[in-house]
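Contents: one structure, followed by commentary.
The chains carry the letters A, B and C, assigned in the order they are written, with residues numbered from 1 in each.
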């Protein structure tokens, strides 16, 4: 209470607009939400969240819904394919101004870079970006940080590996930026075709140690966190190339034999076979807990921007 | 309280079934709902609204959802395209009787004239017409009246212009009828092809002064309210004709130079270019506020028919 | 209270896993839910139900939604066609583990036999089967029993006729099994092509008297309950055969002249013309009340598995 970060009515558009202190505070508030998942709360009673998803993202959508419901609020809105046709022919500026007249906060998912910022400029109610274009997905980055913090007790001092599709994977860009606010070593493991974009690395390499690899074996030994993302077949011009890559960036019990015993494996889900099912029942696996953590982090964000927590 | 209009359990099928006194009372109750948008209410806790939309109308649907949520109630239901296939092969009479077994009030949208009245005859719970056929959309008419009342402080004595597609536009028929219960001058401005249907004019011309025009310039000077509706391309056999008409019935800053300075511009939304974006930031523009007013008017109607307000 | 059936956190996968005492208890708890339909309750406040419908079943879905809302809970989830594409490529085991991280109870509908049991094994939260494959639909069976009990005051000692498609109709299998726990005479009336599967009859014929017929006239005279299901055209290789059958298994006022005056007619809905509209206004007709009873039975089940009622 009263640390005065001024979250009330603030838009959550980009992870880049937060200081480390602000992120730490969001993670702290997230922790206070844990008991409310079980018992519910009236904190946001009478408040309405509008979900405006211009591309599908069911897990994110359901996660925000549950977050709102656990705090006693309500949810209106639409998912693809409905939403595009519904608002077709209307400018995003008009849609946002109509939808805000029915709601107290808007969660927006949009295929275009910058859509969330644009919406935030038009809306009087706070706008939370649930993914826009290829680069920003701030609430995913926050729940990833929260999961690391909760599992390891700290973020500073960790060796963190991001592996898989680091080029098109929306979540890794926001996460890499967020991690750069902490004292971590970041190792990027991917096939050449899917290396992280140059501008993201430029952006963070002055603050933290970043290295790029094509082989997980180079960095697994002292890794504390292994964050795996899906490699999509469509990215490869040649199917044979894809099949080869697919095997090299998969995690299974055999691979994990060479890992520290307190390594945690994260994945934004859904997975195909990047993480073998046999890993699920090991202490390494934190990806289902990660999904669950999305609820408390989103509860925290909703409570903050709606002024229910200061 | 206790003026005894007997709204509890009443169907809201047609604006024609209300007296002026009843409409005034609905507008008055709507005003009392304003503070509840901000702080919420438990008035309809435990009550369930079923939305049965046999054709799409997202704004109306979301508006009713928010109205129900702000009063503490819940919403079930379906929107197109789901709904038609879902209830396909079942008679509307059966669908209504099944759906009412899950709900306390039904909001129905249907492409056929008379569908709402038919549903109301079968249902034991109150039915609210959210648009049926080409003529009736009573809740839209009520929110239009509420917006005029709120902006101008009165309805009596005003010069009101309805402009655009007055033939197929569902909202203008219910609105014209509702306005005819007040002491207004009604000016209808449209291309010949889209003039208001003869029977609507016959119905109201004994009660109020109605005139028809093809040029806004004829009536703009002393207008207090300018209600603009969209002109749809599909109505025109010839695209050139449409292009010509489209420009003539658009409202922009240049047009508004000749208007009274306290004129208000309304539009049921979505707009395409009938009202230029440059108008949005002027005091003329009341169309986003109009969307917001839909929530309080629907809160009032739900509270009344469910007996939470007498 | 405290009879200790241990329903908290229990999965509702098959009617076969319940004893008669347990079913009687569910029916008793259902009765206590009746007043809460009118006035609502806070019993499940803060709890979230996830509906995971891999095939459409709108009535069941809406019924569960209303049940949850009447107890103060919330609902997230998806219906076909959305749901399949949403979770496509993800294993059911993963989907269940992600969805349970957003919810306190899962209601699953799935085209495959055994899907509900599989989901229940993976989920830590209770799973309620809302229909899986051709055989199990336990909540429908329970609401059918509840309707019989409520209408006749007892189940024991009744003559019960199941008529129509007894082969593919999902609801009749669970119902026949449930009835076999009571002291009833069960008469099965269907065309040869749509007779009840041998294994279902084998399963129950040691416990109760079961007889098969092709003509309703054979068993109508002393029937207390006539449960009618829809005969679908698609089941017949020959359209002429279908047309003949269709007429023979339809119920109308003329047929009912030969019935006991306190016979009740049930139907899981939707109907086409198996029960004539003229029956609706007679005391025989209990099918709309049956739909309504689905809400209280599902309220009871949700309250039980979530531990709100012991």
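Simple rule for what comes next: contacts are C-beta pairs under 8 Å (C-beta built on N, C-alpha and C of every residue); 3 or more make two chains touch, one makes a residue touch a chain.
Since the model is a prediction, treat every value here as computed from it, not as a measurement.
Novice: Regarding the subunit A and subunit B pair, does the interface count as same (over half of residue numbers shared) or different (under half shared)?
Specialist: Different; most numbers are used by only one of subunit A and subunit B.
Novice: Rounded to the nearest 5 degrees, how far is subunit B rotated relative to subunit C when their C-alpha atoms are superposed?
Specialist: Resulting rotation angle: about 120 degrees.
Novice: Suppose each chain is reduced to the average of its Cα coordinates; what separation in Å results between subunit A and subunit B?
Specialist: Result: the chain centres lie 41 Å from each other.
Novice: Provide the list of subunit A residues touching at least two other chains, using ranges where the numbers run on.
Specialist: Correct list: empty.
Novice: Residue numbers of subunit B touching subunit C in their complex, please.
Specialist: 45-48, 50, 74, 76-78, 82, 86-87, 89-91, 93-94, 97-99, 101-103
Novice: Which part of subunit A faces subunit C closely enough to touch in the complex?
Specialist: Touch list, subunit A to subunit C: 36, 38-41, 56, 58-59, 62-63, 65-66, 69-70, 72, 79, 269-272, 277, 288-289, 291-292, 294-295.
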